[in-house]
Each structure stands twice: as structure tokens, then as C-alpha cells.
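Two complexes come next, and they have one chain in common, chain A, joined by chain B in the first and chain C in the second.
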Partner chain A sequence: MKNKKSRNTQGMRQWKKFKRNKMAVIALIVLGILIFASAFAPLLTSYDPEAISLTERTLAPSKTHLLGTDKVGRDVFTRLLYGGRISILIGLTGALGGAIIGAALGCLGGYFGGLLDRFLLRLSELFTTFPQTILVLILVAFMGQGVWNLFIVFWCTGWMGTYRMTRAKILSLREETYVLACQAFGISNRSIMFRHILPNAAGPVIVNITLSTAGYVLQESALSFLGLGVPSSTPTWGNIFNAAKALDVVQAYPWLWLAPGIAISLFVLSVNIIGDGLRDALDPNQ
Partner chain B sequence: MNKDSLKHILKKFLSLIPMLILISIVIFGALQLTPGNPLTYQIPPELLSSSTFDLEAYEKAMGLDAPVYVQYFRWIWNILRGELGYSLVSGAPIVNMLRTRLPATMELALCGILISSVFGICLGILAAIKQNTLLDYGCTALSVLAISIPEFFMGIIGITIFSLKLGWLPTGGRLVYGDNSFGTRLAHLILPAVVMGLALTGALMRHTRGSLLDVLTRDYIKTARSKGLSERKVYLKHAFRNALIPVTVLLCFRIPGLVGGSVVIESVFGWPGMGGMLLDAISGKDYPVVMITAMIIAFVTLIASFLADLFTMLLDPRVDIER
Partner chain C sequence: MKDDIILQVENLHTGFLVDNVPLEAVSGVSFSLKAGRVLGVVGESGCGKSVTAHSIMQLLPKYGRITEGSITYTRATGEKIEIQKLRRTGNQMRQIRGKEISMIFQDPMSSLNPVYPIGDQIAENIREHEKVTKREALDRARKLLEDLEIPSAAERLGDYPHQFSGGMKQRVMIAIAMACNPRILIADEPTTALDVTIQAQIIALMKKLQREHGTSIMMITHNMGLVAEMADEIAVMYMGRIVEYGSIRQVMKSPAHPYTQGLLKAVPVLGMKKDRLYSIKGSTPSLVDRPAGCEFASRCEYATEACRQVPRAVEVEPGHQVRCWNYKEATDNG
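Coming up: the complex of A and B.
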């Protein structure tokens, strides 16, 4: 009971610290609006993101079409909302998946040491040295396009940061008296690893997840922009922006690329600011 | 430099070799698993479906019937001899493609690095010296913006403003046929290089600012000040030197990413470099080109990260070499 209470007060203190950072709070609100708007897209718009209307091609923004229509008459605002679903989902899932894999491997390697640890360390070095963009491009070329393939690509290439953080934390805590006490009490290795040591690494891992969510949203949109990400039939922010590959679109129909570009930038910007705020709030040295 | 660190450098350098071999196996293996026979893309479908056509003979002639490991060693041996093979799509020797593509990417990346290190470090120093002033807040806000706005969005905005609206700069490409003057080359280079360097500028600025602020609280700065040294001397002789070490390390570690990240920039600006070559090759299933380009980019990355290690050690003697 007592332990729970102290953790609560620590959480309150960190939240208070975070709240004092005005930029971070604004960013949190912006992020909330973006996620809310995407999640509840059907309530906010009556159009179908896929509905083609050849009589309403490339209309400028107006009251009926808030952000205009694209080259086949689809409503850009609607596509933006539905596209946000996929883009944000890919960012979040990519970051979380990579962090879970990294934390699990870091725990295993750091706690048990030995051959397994050496192998994992080498593997992470290999993945870190290999240029990520190239790895992603090759994997996409090899596996083809698709949302699931992107998840797998991001998981494969994104676990090393969390892995190194957890491993270092576990190595430094493994010899602590309280861990020895746990072992003496006969608590299972799994419980010691995940319940007694891992929470100590939570701060930097949470910051890392936040910042890599932004990174993956950027990567998804860049890959989709290049035509290698999500298949172009599915609206994502990157796929909508893809229209800007034609110079006549850039010049004549700016709403087609300004809207998704601003959406991506706003999302990434607010996540980055929140990440910085979290880093300051969760760092006990500050 | 003592014997230990020399040994460490040598060890690091030698460890590049197994890494390169592994990467080559990964690249070769991944493309072996890719569905589809590369030959079938080369032969007209009506010929391929005709009964007199002997696909196996063609495979034999191209060496595709040999076991995978034989094909791998043959490939490596050819690369080592400098015979990089031919593009499946255009039939051109890959060496010739690289001859124009590689310098283009290098030119772009070098300019990007130059722009970002000059602006990033200068603005970072300025923000740290004027901490908590309007200038500091402005610089910090700009750096977060530079990191967050995607490169392709920034590129399209740049093209819209400077090429389409103002007409100052070309919309893309590298050279104009028959006009090789410095002015035209610079005009083509400036926008892609600035956009490429922007994200790195932001990162470097934040890092420089943080590192300099950290150094300025150290005891030896207090000592230097209490000795009565002028502020300029404190900064120039004591603070900058130590503050810029982590910045240089960050810069070294980001260089490989710049080479890889050129894929997007080159696509936006139609810059004829390695990134565009890789992209064309991937979408055209031009396997020999994909493998060679990926190998070269991996090689550059490895060398750059080795240099980053080396610089860290030379600049900061405190780094524990037996890490």
C-alpha cells in the first residue's frame, strides 16, 4: 500500500513539473485534437474518403469542401481525417512494438549475460551500423507494400535504442542489494526482471517511445511519398501528400499538399515538444 | 596517443571487415528471396511464352543456374575486381552510372553538412550565450520546427516560393545542357542543399546549446573567470573546445543518415544522385543496381561511423577505450 502511495505522489510531482512547461501543454492539446479528429472521423465528416466525384474535381476550399477536393473529386478534409488514423496508428504501433522487443531483449541479455548477451549486443551493433533508410527500402522492396509490412520493417529496425537503455539499466542494477534480496526470497527471475528492475528504466524508455512515434510518422509519410509505403489506395498523410510529386499540382492546387504537409508537421512538432517536456519532467536530476 | 588506443583503433578497423561481409550476405540474401526471376523482366512476353524459347539456356548463360553460394562468391569476386555488372533495365554498365551519380550525391551531402554545421553551431553558441532571451527562444523554436517539418514538405514549399513564385531558382535537376557555369550549378544546388541541411541544423543547434550551457557551469570555467580572464578568452579558449566535442561526435554519426536520407531530397528536386538511382532500381526491380548501391551506401556508413569513433577518441581523451 505504502509503496503505491509513494509512486502516486511521484507521478503527481512529475505531472506538475510537466504542466509548468506551457509549450508542452499546448502541444498535448494539439496532439489530442489531431488524435480525436482522426479517431472520430465519421462523426466529423459526412463524405466517404474513397468516393470519387468527377463533377467536383480540384475544387478550391469552400464551405461544402473545407479543404477542397483532389484530382478525382475526393474530399481532402475527409481523406486527411481518415489518413490520420493509419498514419498515427503506424507511428504508435511501430514505436511501441520496437520498444517492447527492445525492452524484452535488453532484460534477457542484461540479466542472464553470457553468450546470449554477447550475441544480442553484436546483433544490435549490426542493426545500428546498417543505414536504416537503406534497410527499410530493401525490406519494402523485398516484402512489397502494405501496412503490416511497414509494422514489421519498423519493429525490425527500431528495437536497438530501447534495448541498449534497458540492458545498461539492468547491468547497473543486477548487483544491487535489493535484487539479491529478491533472489534470496526465491522470487522468479522473470518477476525480478520485469517487475523489480525494468520499471527503473521506464523514464528514458517512455521518452524514447514518444520521440520515435514522431520519427515513424515521418518515415511512413516519406516512404508513402516515394511510393514505397502504404499502397496508394489507402489514404495516409504521406499518400495524400504524394499528389505534390507533379509540379502542376504544386503550382495550381496548393491545398492538395499544404493540408497533409501541415498535418504531418503539426503532429510531429507536438510529439517532439511533448517528448522534450517528458524528458525534463521524468529526469530526477533536474 | 598511446599504444592502447592505437590497438583499439586497429581492432575497430578490422571489425569493419566481418561487418561488410555480413552486410553483403544480407543484401545478397534478401534479393535472392525476392519473388520473380529477374530474367523474365528482360525478355519480351511474346517471346517468353513462345514454345521455342529456352529460358533455362538463358539462365545458364547468365550464371543463374549455379547454387546460391556460388553466385554469391562470383558476385563478391566481381565487385572486388571492379566489375560491377550491368543494369538490367538500361543495360548500361553500373560503373558508368556511378561515375555521374556518386559525385552528385557527394556534392549535395557535403553542401548540406557544411550549411548545417556552420549555421547549427553558430546559432547554438549564440542561443547559449544569450540564454533565456528572445534570441534564445527564437533559435530554439526554429530548431524544433526544422526537426519536425518533413524534408519533402520543406522542399515543396521551397520550390513554390523560390522557383514558382519568385522565379529565382530552378525547380530541380543538377545541370543545364550546354551550360556548365558556376552560377547555374550553384542555383541548382542551393535549394536541395539547404533543405537537406535543415533538420541537421536544428539538431546541431540544440546539441551545441545544451552542451555549451553544461560546460559553462563547470568548475574550470569558474576558475578561468576568477583568474580574471576576459569573457572572450573564457569562451574561446576554455568553453568552446570542450563544448564542441559532443557536437562533432553527433555530426559524424549523422553523416551516414544524410547519405541515406538523400533518397527523399533527390526525389523532390530531381537530383540525379545515388538515392534516385536506388529508388529507380527498386521500383524497376533492377537487382544488380539495388545490390551495388546498397553496398556502397553501407560501406560509406561503416567508414563514417568508424571515423566518428576515431574523432571521439582523438578529441576527448577521457573516453574509456575499453568500453
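Coming up: the complex of A and C.
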């Protein structure tokens, strides 16, 4: 029973540390609201995000349409909520997937070294030297548009940063005495790699995940803006933002691009700040 | 049972590949560890003490190799295992490490993982080798900490290594090493990084554990006082060889090798009147150009022509071996 108590206090201590960072707490609330609003979109709005109404085109924000309507009469607020679902999903899964692949490969290469390490290093260099945007464009051109294809594209092109970071960290960490001690106690290589060394390298990896989450949301927007991301019928923040391609929209209907712009900025900012806070809270050496 | 040999090291040679040139750090070490006894391995830095220990655990760095000799471990069942034949990272080796032979290291500050509470680290070792639930393992961890006299052990299980002092960390290390009741504990300079009062506590604890569990301990140190206090047998190493080997009484009372004599003379004694401590002249030759013959000859007062040949181990009295041509002369004058 006592053990349980001490384990709780440990989590509490980290939570307390996190709470002391006011910015991070505010960011967490903002992120919570964004995720909540997207997840429960049908409860917050009665409109269909894809329903076209030619009689209500480009209406300014009002009581009936909180953020106005777009050029084919779809409710912007509704589209923003539904679009958040896919944008956030793409951002998080893209970043997490890339980070998991990168961290796992970095662990393997850094810990075992030798031929495997050299092969992975060259592979990552190959991927890095190729301009990422072009790589994404090529992959999208081959595989076509779609949410799943975007995931795969982001995973394939997004693991190198985390991989290099993890590998570098593990190269130095594997020389630590506690790794030798683990070996002396008969703990398996897999457990040493992933349970003992990796958490020590977790700080920069977590920050990297949050930074790239934001990056992927932006990239999804960019690709959708170029018409290469998610099909334009599916609402995403990038697709909504897409409207700003036309000059008359930029000049005359600011609500069409301001709303998704603010949503993207809020999301990206809050994720970054949370990442910072997490890194500080999880570091036991502080 | 008492005098059963559980670890037999025979003619062990361990070398390192440095710039593709093999260097021998341990050349022909033989000793045996008896059940429930403490063997002290003494010698200066770089004499091959730690390499010997790492060879036994198969924890040598990448470029280290056991080139010759054998390390035989006898299980409780009587089964004999030749450790040097096992794969370094193989399952069999892993089952021996921690469970049958365990090790504690010199620097407790860096031998615990900073990101896990110590309770988890002790429990992990138990769960690696035995089928128990996490709760049972943590409970055993608490008992171990209590045995090691850590105050309010139950609450401290959730603490991280940085919340402990050096001496406390070394106790935690001992707790991890002893978690599965290993039959052999290799202690690689366990007190070197600690201050003197803590050293005494740790040694007292290790003695207590050894008495209670009947663990055999291989104690590596350069502290003569520590060896005298703990060990039953002692092996003095110099340049990768055991130069003198015998029971603690034999070696301390009548050291036969000039090097052992020098080491003992260099220990300060309370109330001594000399201005300066004795020191052995010269310095250890480099492993790269190892002198032919007896490695100690260039620093030895008794060196003669005979010392150009590597001396064989001679038995001075039953169980007391020395590797010196002129040990008779040395014993008479020393």
C-alpha cells in the first residue's frame, strides 16, 4: 500500500513542477479547448460542414453564422471545428510516428553500432539531403491525396531529425556506468536500450515531437493550400485556409482566412509551450 | 560445503586491441574463490584487477578479449559452467549476471540510472530473474533497503538517485546487486569514491550481508587496511600477474614478494614517527613495452641476473604462493 503512495507522490511532484510553469498551464487549457471543440463538434454546431448553401454565400460573422460563411455558403465555424479533427490528428500522428521510428532506429544504431549504425546513418543522410518538400510532393504525386497517404508521407520523411538526436545522445549515454551496471545485473539489451537509456534522451525528443507536431499542422496546411494534401472536400484547417488563395478573399472576406489562421497559430503555440513545460517537468535532474 | 570452490580462474589472459596492436592487461592469472569466503585482490591502478573482474562477468569493452585460460563457475547444483565459452550477450550469460554473480562498482554517483526511482531499479533486477509481481518485487526492495539500514525505506523507494547521498547510493547499489541473492559478489573498489566514515559503514554492511547470506565476495581494492579487515585470502597483482597469493594471515604476517612488502610499508600507521611514508621507487612500466622477465625487477631492491626470466609461482608454505626468484632473501630482510 505504501509503495502505491510513494508512486503517486512521484507523479504529483512532476505535475506540481509542470503547474509552476504558468504559460504551460494556459497552453494546456487552450489545447484542451481546441481538442474538445473538435472532438465534440456535432454538439457545438448544428450545421453540416459540407452542406453548400448558395443563398448564404460569403456572409459576414453574425449570430446565425458565428464566423460567417465561405464562398459556397458553408459555415466557417463548423468547418473549423470539423477541420480541427483532421488537422490535429495529422499533426500528432505525423510527429509521433516520425519520432517513434526515429527514436527506435536511433536506439538500435547508437547502442549496437557497427554495420547497422553505418547503414542507418547513410539512409538518414540520403533522406535528409533530399529536399523534404520535394520528397513530399513526389510521394503525394505517386500515392495520391488522402489522409492516410499524408501520414505515410510524414512518417517516411520525418524520422531523421529524431533519429540523429537520439543516436547522438545514446552514443554518449551508453558509456555511462549505469549501463555497465545494468549489464552486470543481467538486464536484457532491449530493456537497457529502451527502458534505461532512451528515457535519459527523452528531453530533446519530447521537445522535438511538439515542435514537429506544429510543423506538420503547418505542412498539412501548406500541402492542402497547394492542393496536394487532403482532398479539398474534407475540411481541414489547411483546406479552409486555402480560400485565401484568391486575392478578393484576402481583401474582402478576412473571416475566411483569419479564423483558420488563428486556430493554427493557437494550436502550434500551445503545443510548443506544453513541450517546453513537459521537458522541464520530466527531467529528474532539475 | 564451506571450502567448496565456486569460482576457479585458471591461467586467464585478457588482451585489448589498441590500434590493432594486442596489449595484454591480464597475463596468466589463476585463483580460486571458495564458497562463503572473501578474496581480496590488491594492486595499483592499471594492474589488471578490474579487467580480471570484467572478464569474469564478460563485460569487457568491445576491443577486449579473453585470449587464453578458463573461468569455471560451479552452480549450486554442482553443474560447472565455463564462462569464457559463453556468448557475451547470450541468454545464459545474462542469467548468470545478477542472479549468480553480481557486481558493484566504484562510483555510486554514476552507476544508478538518474531517471528511475530507486525502488523500480531494485525491483527490475528481481523481476528480470524471478517470476514475481511488481508489488512483491517492490516489497522485497523495501526489505533490502531496511537490511541496509536506510531510514524510512518504504518512503524512499519512490525517490530518485539524485535525492540520495553517495554512501546511500552505494547502499542502493548493494541492494540491487544482492537483490537476487547472488552466490558471488564482485565488488570493484566499492568504497574508493566514499569518505572514510562512510567506507567503514559500507564495509560493516557488506560483512553483515556476507555472514547472513553466505555470499562469496571478490573484493577489488587498493586499500590494504580494507583487505586486512574483510578478506580471508588475498591476491596481490602487479602488471597483469598475481605476484603473491595466500591466506590473509600468511601474506600480512610474512609477505614474501618485494612488491607486497613495499605496499605494506607504504601504509601509514597511527603514531608513526617517520617524516615521510615509504614509497616504492620508480614507476610502473608501460604495457606497451613490457620488460622481459620479472616486471618488478627494475624497481626491486633484490633484483639479480635471474630476474631476466619470468619467475614461476613458488609455494612458500602450503597455500601461500609467490612469484619471485629471490623471495627467500626478501623474506629475511623484509
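One rule holds in what follows: the second predicted complex is superposed on the first by the 246 of 286 C-alpha atoms of A that agree within 3 Å, B and C clash if a C-alpha of one lies under 4 Å from a C-alpha of the other, contacts with A are read in each partner's own complex, and residues count from 1 in each chain.
Simple rule for what comes next: a contact is a pair of C-beta atoms (placed from the backbone, for glycine too) under 8 Å apart; a residue touches a chain by one contact, two chains touch by 3 or more.
Just so it is clear, the model here is predicted, and its values are computed rather than measured.
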Report task. Using the touch definition from the top, say if A:147 reaches chain B (first), chain C (second), both or neither. Result -> neither
Requested in this report: Tell me which of chain B and chain C touches more residues of chain A.
Outcome: B
Query raised in the report: Between chain B (first) and chain C (second), which does A:123 come into contact with in this model arrangement: first, second, both, or neither?
Result: neither
Query raised in the report: Should A:199 be classified as contacting the first partner (chain B), the second (chain C), both, or neither?
Result: second
Query raised in the report: Does chain B (first) or chain C (second) touch A:177, or do both, or does neither?
Result: second
Requested in this report: Find the residues of chain A that appear in the contact set with chain B and again in the contact set with chain C.
Outcome: none
**Report entry** Partner chain B, residues of chain A touching it in the complex
**Finding:** 126, 129-134, 137-142, 214, 218, 221-222, 225-228, 241, 244-245, 247, 250-251, 254, 257, 261, 264-265, 268-269, 272-273, 276
Report task. Could you pull out which chain B residues touch chain A in their complex? Result -> 19, 22-23, 26-27, 30-31, 33-34, 144-145, 147-153, 156-157, 159-160, 164, 171, 256-257, 259-261, 263-264, 267, 278-279, 282-283, 290, 294, 297-298, 301-302, 305
Query raised in the report: Across the complex, what residues on chain C touch chain A?
Result: 57, 59, 89, 93-99, 102-103, 105, 107, 110-117, 119, 124-125, 128-129, 135, 138-139, 142, 154-160, 162, 173, 176-177
Query raised in the report: Along chain A, where are the residues that touch chain C in the complex?
Result: 2-3, 6-7, 9-10, 176-178, 180-189, 191, 195-196, 199-200, 202, 284-285
